[in-house]
Amino acid sequence: MKLAEIARRVGGVVSGDAAVEITGVAPIETAGPGEITVLSRQRYMKWVPRARASAIITGEEFAKSIKWRTLVIAKNPYEAFSVVLHLFTPEERIPKGVSNRAHIAPTARIEDGAAIMAGAFIDAETFIGRNTIVYPNAFIGYRAKVGAECRIYASVTIRERCQIGDRCIIHPGAVIGADGFGFNSDAQGHHKVPQIGRVVIEEDVEIGANCTIDRGTVGDTVIGRGVKLDNLIQVGHNVRIGEFTVIAAQTGISGSTKIGEWAQIGGQAGFAGHIIVGNRVKVVGQSGVIGDVGDDETIAGYPAVDRMRWLRNTASLERVGDFMREQRASERDRGRKLPDNRQAPAKPEKKP
Amino acid sequence: MKLAEIARRVGGVVSGDAAVEITGVAPIETAGPGEITVLSRQRYMKWVPRARASAIITGEEFAKSIKWRTLVIAKNPYEAFSVVLHLFTPEERIPKGVSNRAHIAPTARIEDGAAIMAGAFIDAETFIGRNTIVYPNAFIGYRAKVGAECRIYASVTIRERCQIGDRCIIHPGAVIGADGFGFNSDAQGHHKVPQIGRVVIEEDVEIGANCTIDRGTVGDTVIGRGVKLDNLIQVGHNVRIGEFTVIAAQTGISGSTKIGEWAQIGGQAGFAGHIIVGNRVKVVGQSGVIGDVGDDETIAGYPAVDRMRWLRNTASLERVGDFMREQRASERDRGRKLPDNRQAPAKPEKKP
Amino acid sequence: MKLAEIARRVGGVVSGDAAVEITGVAPIETAGPGEITVLSRQRYMKWVPRARASAIITGEEFAKSIKWRTLVIAKNPYEAFSVVLHLFTPEERIPKGVSNRAHIAPTARIEDGAAIMAGAFIDAETFIGRNTIVYPNAFIGYRAKVGAECRIYASVTIRERCQIGDRCIIHPGAVIGADGFGFNSDAQGHHKVPQIGRVVIEEDVEIGANCTIDRGTVGDTVIGRGVKLDNLIQVGHNVRIGEFTVIAAQTGISGSTKIGEWAQIGGQAGFAGHIIVGNRVKVVGQSGVIGDVGDDETIAGYPAVDRMRWLRNTASLERVGDFMREQRASERDRGRKLPDNRQAPAKPEKKP
């Protein structure tokens, strides 16, 4: 594909030879002749002198400083790159039909165009929407419902009565609807509290590999429309995650906590149970959030506080050792002076 | 079911109309007419004015302040709620029999009443106890033994020679008995140390979804009777967890560490290897425990220390920045005064 | 087996009765008559008085202080113990052949000696190397390639086009090649960026149970030769891990970060994206690494800094509360003195 055509499709402008033929896409470190790449972060500028790509997609802010023979200048270079990735996505094998090695309960309802692969288990009274793909060895429990155009990858478990909206992607090994962690404890031990609620995942949600989303004790655990969860995330019973919130890997959210819409949560963060976290909140990775958080706050640390305050505290901690040493030294210093001072007034006493 | 009957079953007392018909159970936020709910935490009191439930189960401490037309007052309202959940648990489909789509080795011994579902793999010389259910695509390795009345959920892996006691629940995707993480390292690389021990899980244990419990290098990794593990927990080789200990999600325990009985461990906590943690210890979430811990301690932070000390340290960190600024300012102040002072006594000298 | 023979095989020297018959191996806490054990850590010395093992393998540094009737003294006792574990490894059942309950695409190429067990799914145009074992319910995607002598344990997912080198072990439930976590966000939501790269795992790598290794957005996520990953580790898209690096459980590495060779990374550590971590770096467990790290550094804390500095900061935090209290007290003290001092110089003024 000619570079001119690529520029047209991404809505960018070519600076250099628009007739160059592009045959692939690669990261800047490895892209070779015939390949196009992207540069949208300062820290990758260092790769430019060694780059061998035939063209670089970049934004206006970098275009001047890059000094590279062939550029595609785009308003949003990462978005443009995404379009290019679509153009060069390797042919995918879309599975078709219902495998005779899948287990399909007679009362399951499989809509047109859905594919059920070998080893998948589709229990009684389930619903699998139009064009949804259920990969090998996935489990869809009794009365669970999966919307249209979904991908349920290999070895996913969706337990009974859970609901998945249209266009969701559940990555391999994720577990939707395991029992919430609830017990009544006495001197004899911990007695299981029935977990009779569900998990409801709204449309356009992506759940990462090996995530675990527990069902509600009673009522639902809800993952809002457009939410994106990275891998290995734990979501406790009766948690609600608002629309379009994005959460990085290995974060854990304890039972009954509500997270607002459009929040951005870093990796390995932890949330206590029964708290309310507002809309558009940003949580730095590894934070421990143990109380309510208002809308639009940015928080960090454990216990998580306003990020600027956390930065100040962290900076203070870096300085406080020296500070204490200085103060001790200056005390000793003053200490040495003090006897002098005492000695000084003592002198006049001696004088008389 | 009449409210009077519910009150009778949970051992509570009705305040209001005992004849009201209850048809379901729901959280206070969403419960509607005909539904019963629970209120046992101060922070949910705010929902009462908006509540639409036909009855609320609560304890004596809240009963007076709630001002709600129909209450069931119980000594332990959460326990009462658990009983109600049992009453309203939706009909469950209990799988029966051995699927002809399961792989059952001829030398496997399957006790009466056990159900083995499609895609499960039951290896040679295994034992599956009475009334145990093995869900689809679970793997039970060579000579492994699963007790009676267990649930081994979908895609669980139990490797060779591991043992699971009676009445255990292993949630989907959990891996029991993978190799411990042990290597002999030299300049050529890391050479695998054989991991020939087992995992022994005693009775009445619950293992959360996607947990990983490694087998002993030699000897056993042991999960004591009545232990409850939440999801995504890592248990290293040769760890021992004492009876009735409860551990929240995403905690990790390094090899050969011993945890006592009746401990309560928060989420995302980490334990170094080869340490001994006492009985009834409480560990705050996200703590990093790097040394032995005595019985009955409550610890927090990294490295984990007594929780009160950790709270004081955290409070100090919050104040120390201001403190250092004040001290610097007061020094400057003293600095400015000092010249004045020096000037002042200088004046009299000038005077004469 | 006679102890003399064991000593010969591990290259050690017997102190005591070399003719004793050894029938098994066990940890020092549980080893009984006829069993051999190892002692290579100071903290296990306390077990010696209670030990019942017939022989103890140890190093020269402990041999004198142990006072035990029968020792095998070895240069590297842990390595010697590993050899003994090999000698006493229980008979393993090595699966053979291709199960007729596995799904094997007609275009898959399965080399001699490979075993494919029931429920495994081997997609089109895959390659499974010589003597590799694919356990039940594993998934090998379109055009994926698995080298020789590998073990792909139960319920592992290896998605399309990923590559696994020779002699790799992928533990149960690990997910290789799920989509990287990449979106273009605007007011309408988060739009999926195609993830068209691969995961390339070089030879002699071990990937722990339920790990998740995401494919590159474009280009590859690379796990270098001889790397060992513990369980539940997250590796983001386009990460590169250098040869022989070892990472403990539950660590997470964000997208595009490079980790050097021979690094040692503790459990539950977190790495920000797009950073470069040098060779032979040591990272303490639970650290949060948010910037580049030079070769040979040892770091700890969040944000991670030089470990010694982190220890000093931690010690400062432990002391700073007392320090502030002292300073306040001494100020109050000085405060009381200060009026005296002011009074004192006032006196001379009075004098004239």
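Worth a mention:
Should a chain be cited, it is by its letter among A, B and C, assigned in written order, with residues numbered from 1 in that chain.
Following the convention adopted for this analysis, a residue touches a chain if its C-beta (ideal position, glycine included) is under 8 Å from a C-beta of that chain, and two chains touch if they have at least 3 such contacts.
Just so it is clear, the structure is predicted and the values come from calculations on it, not from any experiment.
Taken chain by chain, the contacts link every pair, so each chain touches all the others.
Overlaying the C-alpha trace of chain A on that of chain B calls for a turn of 120°, given as a multiple of 5.
Residue numbering shows that chain A and chain C use the same positions for less than half of their mutual interface. Inter-chain spacing, taken between the CA centroids of chain A and chain C, is 23 Å.
Contacts with at least two other chains are made by residues 119, 137, 155, 173, 210, 232, 250, 268, 317, 320, 327 of chain C.
If you check the complex, the residues on chain A that touch chain C are 25-27, 29-30, 41, 43, 76, 78-79, 81-82, 85-86, 88-90, 92-93, 99, 101, 117-119, 135-137, 153-155, 169, 171-173, 204, 206, 208-210, 226, 228, 230-232, 244, 246, 248-250, 267-268, 285-286, 314, 317-318, 320-321, 324, 327, 331, 345.
For chain A in complex with chain B, the residues that touch the partner chain are 103, 119, 121, 123-124, 137, 139, 142, 155, 157, 159-161, 173, 175, 178-179, 181, 183-185, 189-194, 196, 210, 212, 214, 216-219, 232, 234, 236, 238, 250, 252, 254, 268, 270, 272, 274, 288, 302-303, 305, 312-313, 315-317, 319-320, 323, 327.
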